[in-house]
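Here the chain labels run A, B and C in written order, and each chain numbers its own residues starting at 1.
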């Protein structure tokens, strides 16, 4: 009997009112894999992530983690099942210190309970969570220096670290990162991708990179899907897609670095 | 939101006119007891149409429609009996009742404009609380300025009959069948004006605002100006209804205009569907009837073997209302009536759709 | 001068109770986006429960039970008011809390009847400070309010539950994404804010009796206090409550001297507060950028 893939999406449809943002997308991802989802602005990439992560209710289709059907479940349940999203634009908690941001990544799952039992669980698991925090700090030493600072008062790259660190605190087996490179300097992006690579190889965390920056995504991931106007148009190993004529002209800009060419103009259709 | 196009426009207009004619005719057929309830339904329908426009299209909630209603009633009443408390009830002390009925919506519209200008730029809850505050202030003024308003005791007696061009609408004994018919005629007029508004160019701008304020603003729609106009319109309609109410009972007391009245209007709109014009009329009729029945039920000495306490009428009407409001908003956020319509359509397989 | 100080003392204590209601509204609004109209009902429940309990239990215990009981009611209200994901808008939630306020009011009418309720203060007499009469109960209300506000601020910063509330206030989306159940947090926010409101009238009832329909007045005053800081700041809501309480007393105290009002001044107590609130909100409207 073969094990089911870590993430399996089948015919996912996401709508905003009458507007169809995602029109029947199927994809899958094995444990420990690095997979990219690329596509232009408004192709439905963020809608796909939000449909998977429970922020939006899919109009049709299935989402399975480890073969378990989690379609339409709330985001909390998805996190507990092992998939954590690093949202577009990072979305740290700006008024809270960096350390509180990280801790909430782990405690978030307790806040499906009322105050008393959430606090009790917090006390009971304190040691375990402190150890996890220590590991995140050792992976990203910079965060230890910033621990007292409100997350809103750190640089864009640091906020991305906070967002990733916060996601790691939930001990995900799959990390879905929405627009890692958005609005960040190329050097910072380089550091972050090196970090993600290490995370994947050493800790075995699978990655789903949702990117407009196709160069970065194809370089970092072994496999990629191309999404256009709510449908998958291409799929395959990164090195093949890199050679593909359509991909080259549309996303790789004939060799130009897309990320540098149009920074910070990405917006997905809002709800 | 608009379900135009489902029925051909002319057919729908004909149906509306026929229903309106029936509603007016009914005014002549009812006995005095039922008639006053029926008149009240019509008055409330006028208020509810205005509030439905405001809530459905401006995304704003007014908890002061009862205040505008009261303001209209007292404006018409005081103007009719005369401003000077000492000369009151002398012949010629006040102005022609017909003019007073015209003045009332103008004044309430003006008041709405004054508070609407600063508040409509803010999110909905500011207007909600401000209009509620307005309601309480008005009640305090009515209580305190009893020289002018009659306060709670003795109240204000508006004995002058309402007459237009020698055509008597209310008599010395208050509401007549003709008054009832005229109220329902006005419901029909208000309904047609509101439908026309929603279907016009302004209506498209309103639809855009209702869908997304930001997009509408980006498309060059002056959002706050439209919101202000809707607010003023809804207040004027409430003022008009209040003025007509003043001549129905010929007696005004602050007890008739409690905060609960404002909330009742919100319930009518919630039941009928936010932004639905027909729904507002149905909501007004249904809720007014329900409130009346619940109050009646509460005045019984006992129910199902239990003795009812003195407060029962109030507890029944208010408490049951509260539950209806909560349930409707939770489970049928678009309104009970539209939800029923959806359900019926789902039962009947789509014929000419899609 | 003496009269002025006397009015200020009374104003600070009633203002403190309004501040507690306002702080509760800020807490709920920041974490859930809901303006809770039933906030005044929590205060009324607190006062009425206290009146019932104080005959049976020691005052301190009675107060504690009353506050906790209302806190529990608050968490239930929060659960209902938040409604369903993707379906219940903040405006719908406001209307729901309106319905809940009505429901609580009618149940209170049924259970407690239509008359002002109060209980005797435990303090035997007022202090005379330079001719100004200071009721110990006033000092108690003001002191406990300040303490509660400080504790709340500290709790929001230092405890994990507080930080979860802060996370929802900062970004509800991101909070959902780390697995925080926004409904559970809303229930916590409602519970805490309900407890705070109840605390105000648990203490204030001996000097300011409550009736089943006091909720509207309290809710509006609390909203005014909260609106002073744009519904966003606990500190400003506290200040707003005090400003409102004092201004209200001053208007009432000196109203006799305003021409045209004369002896009816006292009847304008609430109206005065509301006019002050309208001015405050209008003033804010000019400063707040439309969102």
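Methods note: contacts are C-beta pairs under 8 Å (C-beta built on N, C-alpha and C of every residue); 3 or more make two chains touch, one makes a residue touch a chain.
Computed from a prediction, not measured in an experiment: that's the story for all the values here.
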Greatest separation from subunit C - chain, by CA centre: A
Per-chain Cα centre nearest the global Cα centre, belonging to chain: C
Inter-chain centre distance, subunit B versus subunit C - centres from mean C-alpha coordinates, in Å: 31
Cα-centroid distance, subunit A relative to subunit B, in whole angstrom: 51
Whole-Å gap separating subunit A and subunit C, where each centre is the average of the chain's CA atoms: 42
Where subunit A touches two or more other chains at once, by residue number: none
For the subunit B and subunit C complex, residues of the former touching the latter: 59, 61, 63, 115, 118-119, 121-126, 128-130, 132-134, 136-137, 140-141, 143-145, 224, 259-260, 263, 266, 270, 309, 311, 314-315, 318-319, 321-323, 325-326, 329-330, 333
Subunit A contact footprint on subunit C (complex, rising order): 75, 85-86, 159-161, 163-164, 166-167, 169-171, 173-181, 184-185, 187-188, 191
Contact footprint of subunit B on subunit C as seen in their complex: 35, 37, 80, 83-84, 87-92, 94-96, 98-103, 105-107, 109-110, 113-114, 216-217, 220, 223-224, 227, 231, 264, 267-268, 270-271, 274-275, 277-278, 281-282, 284-286, 288, 290-291
In the complex, subunit A residues that touch subunit C: 53-57, 74-76, 78-80, 84-85, 87, 91-96, 100, 103-105, 107-109, 111-115, 118-119, 122, 166-167, 170
